[in-house]
Amino acid sequence: MTQILVGSQLSYQVMQETTFLLHISASETSRQVIEHESLEFTPPLDVEICQVGQEGNRLHRIVVQPCELNITYQATVDLKPQVDQAINVGEMSASRMPGDVLPYLNPSRYCESDLLGRFAFEEFGQLDRGYSRVRAISDWVHRHLRYTSGSTNATTTAADVLLQRTGVCRDYAHLAIALCRGVGIPARYVAGYAVDLQPPDFHGFMEAFLDGRWYLFDPTKLAKTTQLIRIGTGRDAADVAFATISGNAVLTHKSVWANLFSDTTNSSGTDDGSAVSTA
Amino acid sequence: MTQILVGSQLSYQVMQETTFLLHISASETSRQVIEHESLEFTPPLDVEICQVGQEGNRLHRIVVQPCELNITYQATVDLKPQVDQAINVGEMSASRMPGDVLPYLNPSRYCESDLLGRFAFEEFGQLDRGYSRVRAISDWVHRHLRYTSGSTNATTTAADVLLQRTGVCRDYAHLAIALCRGVGIPARYVAGYAVDLQPPDFHGFMEAFLDGRWYLFDPTKLAKTTQLIRIGTGRDAADVAFATISGNAVLTHKSVWANLFSDTTNSSGTDDGSAVSTA
Amino acid sequence: MTQILVGSQLSYQVMQETTFLLHISASETSRQVIEHESLEFTPPLDVEICQVGQEGNRLHRIVVQPCELNITYQATVDLKPQVDQAINVGEMSASRMPGDVLPYLNPSRYCESDLLGRFAFEEFGQLDRGYSRVRAISDWVHRHLRYTSGSTNATTTAADVLLQRTGVCRDYAHLAIALCRGVGIPARYVAGYAVDLQPPDFHGFMEAFLDGRWYLFDPTKLAKTTQLIRIGTGRDAADVAFATISGNAVLTHKSVWANLFSDTTNSSGTDDGSAVSTA
Amino acid sequence: MTQILVGSQLSYQVMQETTFLLHISASETSRQVIEHESLEFTPPLDVEICQVGQEGNRLHRIVVQPCELNITYQATVDLKPQVDQAINVGEMSASRMPGDVLPYLNPSRYCESDLLGRFAFEEFGQLDRGYSRVRAISDWVHRHLRYTSGSTNATTTAADVLLQRTGVCRDYAHLAIALCRGVGIPARYVAGYAVDLQPPDFHGFMEAFLDGRWYLFDPTKLAKTTQLIRIGTGRDAADVAFATISGNAVLTHKSVWANLFSDTTNSSGTDDGSAVSTA
């Protein structure tokens, strides 16, 4: 088991009555257990919790009058990942995939698997099917992109990134997702906290559906997959923005942290032949 | 109440073992009731029904060995739409939208509301909020596009269509959806059957979420909104392809029909001031 | 006649042997006469002048060893624009256009007039033909875009800008050019100096070919068309980058100026019914 | 020397007064000599010859009243290509390239070398400089694309093609051009006639500027480079459409032919180590 302290602090200048949908709290699953948690607002506010979709995404909705708004989230999270031998994890045939997984084969706003299908098939179609194929995709993305802050923006897509060969964590994840879908492997985006991420920020990574389970991959290799805390998951980053704002407010400060408190696992979750799943 | 006979007949040359996900059967909702229904295969096949997502999409999955495959779907469907006075139907504030509706505000593969947001806001941001604003968007799309078979393909997006000003039903729907989302109105794509559509084919249209309910719009104006049978709904056409194929099969024939059997409603559901909802 | 003092100062950290193609000196035409001019390098360098194309573009080529490079250009330029009554300036039929003008009807990298043709035709196709139509296009661009530094980058195109509705001078010019070509009017990009531009920088504007002559338009309205000094012209900004670098060098400083020394013309060249041409 | 008979026959239904710019006649250069040539119109018409640009493009302009128009072009052309040992042909440094060649380094409408630069550099940046590098690019394009009629349209670009991996001759040429420019080699599009092309049509291929000369490449490998007749050249296909129409006319028939009359050369111009130039 791994215990991790995560948190974020956001400040906004709110200009008029504004509705915020916040996506900053850790998800609760059987393998990601929240020990303690707090979400505080200055000035104090009523909060509504919205469940969105079937994957357990949990948003906090607040309606805020003009003010200087401070939001502080803190949690202690226990991770109990399922760690398998990667070599034993196969792909699942389209004839057996559960219905709820099927939409993760479809192209999405930032993961145009329809456009990249032939490329994906040409590059990865002949590889052995299973965990190792997704690992090959993730490694390919890592090897061919250059991590460059500011090289992309909120509208950059996997196809853009495949051409320009630069990006940040969300772009790495989008490209890996699109390539997985392109060869028939369901894949989804995960927004979360990552231990000791440099520079500290929210992180974006991905999961692929293999052998009936969602396995974690971080194509940036900036974090260990055993030390990733899920906030939410969706088809791509469009589904899990940390804040969606209706009204008029300007972000004036953001800080994010995730620190390892204790770790009793043996797996690095990275290049040691293990396959990590928390979902 | 309106009673409609719908059906489709698909033939495939199946070259190797192939998994089909078929999305051709009518949805069952409280306002769209299936009286009779049959789905037949030649040669005979085992069929698995997959529920996908929370909107009631129902897929039929078959695994087919090499053969000449014939698929025939037929149904008698009763429509009992809720018909409101359009003038009374308002928009819903982001502070009150149900969680399950929120994803329909996000951009999707073929509806890049992030790219079109400023255009949408400039063109439609000042209009009175409510049903009439979505109607204005739908009418704008109808007026500015030219319906041209073959002018677009499976990868054409709302942004493409806004520039090139031509398309077919799915393109009309995608553009209207993107513009709705661009001004903060949840919108989704619907694949279905439409009475007396010319030329006969599956149809694509859209729904906008207003006053707690999904209202129907057909920007092509090729069908009455009281005579649309829903097969499935999703973020855009990527979610409701009539057939998704894993393996190798070639479509050799497709025919689609939808005929009015009886109609006891008074509303045309088109330009008479009524607002039609079946969901 | 108008006399203008222009200049620019560029500094580079040159890391290895690098070839620079500089496009910073004023063009010499019958209506834009260079009184004095100097181009100085620290450390001193041999310079080669390259004539590129038929429009009089003049590049300076230097080969530089690793160093801190300073480039200073200064010139005194006399403008003797042809100023016509806008109302008298018509369009030229395709049956009579000179051969050298024809390429300026073709789509180019940043001006996809093929994609925007139907939009252009729908919006501007019915207007009276002539100077006033290009003015209407330029005004439309001015009215529908918001000038936002940093909202676009070096790969942003006219189609992007038409959708996102923000940009800087080059984007304004690209969109106006694409729309002109879309309705059959040859149009080209001009890089230059503009008197008292705020913030000071190189400027981008455009020319349209009307009645056998290239007329100036600045869709940003940031400068008077009688106070624009041409550096070079091309199909779009791709042709007139102020510096093209083969090797490895980093721009560390850039300053640009253009000051009015004397002005004996009566025309503002902006909204007073005059049509200004220097080419 | 190679002697080739080329020709084309075009028919149009002309609906209103229409101006045609025809780009169907062979270019005349020192290495491509026109022995006989005829261009006939039914009904008979006055023809104006337009020289466009510095590369010798020759257009025929006609103004046509409503009618059924037939255009027949025929020529006997002698090719005297310069054939070098490929192994001796190097690249030219940016510090020495002639001014007129420089624009062929810029991105153009269908060859977005700015977008593809990092890909080009990653894939081809480390190869030995010279003819063999362009050959490697041309071979890569040939190997990774699938020639599929109808898979692309008039707005398809090199970036599209790099993603979708299908196209026709113009797409092959565009991608090879963009990749050459991406690694700093000037490249241009050529429209022409190709001996025994199957199916018969106008052909699109490319030239790269090496060692002071333009060398021919056909990434489709559908024709020998010693049997290609140039009609015109430009930055990409936008510059050399076989017909540009202002007015209203519909193409009702097109046939194109190119037959070898005699060939006294030894080179296949394809994979035998020779480098072929006619410009």
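To keep things simple, chains are lettered A, B, C and D as they appear, and every chain counts its residues starting from 1.
Please note the rule applied: contacts are C-beta pairs under 8 Å (C-beta built on N, C-alpha and C of every residue); 3 or more make two chains touch, one makes a residue touch a chain.
Computed from a predicted model, the values in this text were never measured in an experiment.
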Next item on the list: Give me the fewest steps it takes to get from subunit A to subunit D if each step has to go to a chain it touches.
Entry: 1
Check: Approximately how many whole Å separate the CA-defined centres of subunit C and subunit D?
Finding: 30
Checklist line | CA centroid of subunit B to CA centroid of subunit D, Å | finding: 44
Item checked: Mean-CA-position distance for subunit C and subunit B (Å) -> 47
Checklist line | Residues within subunit D bordering two or more other chains | finding: 115
Notebook entry, point to check: Every pair of chains that touch: which are they?
Noted result: A-B, A-D, B-C, C-D
Notebook entry, point to check: Where on subunit A does subunit B make contact in their complex?
Noted result: 19, 21, 50-54, 59, 61, 63, 93-95, 98-100, 102-103, 105-109, 112, 114-115, 154-155, 184, 234-235, 238-239, 244, 246
Check: Given the complex with subunit B, which residues does subunit C contribute to the contact?
Finding: 115-116, 118-119, 122, 144, 159, 162-166
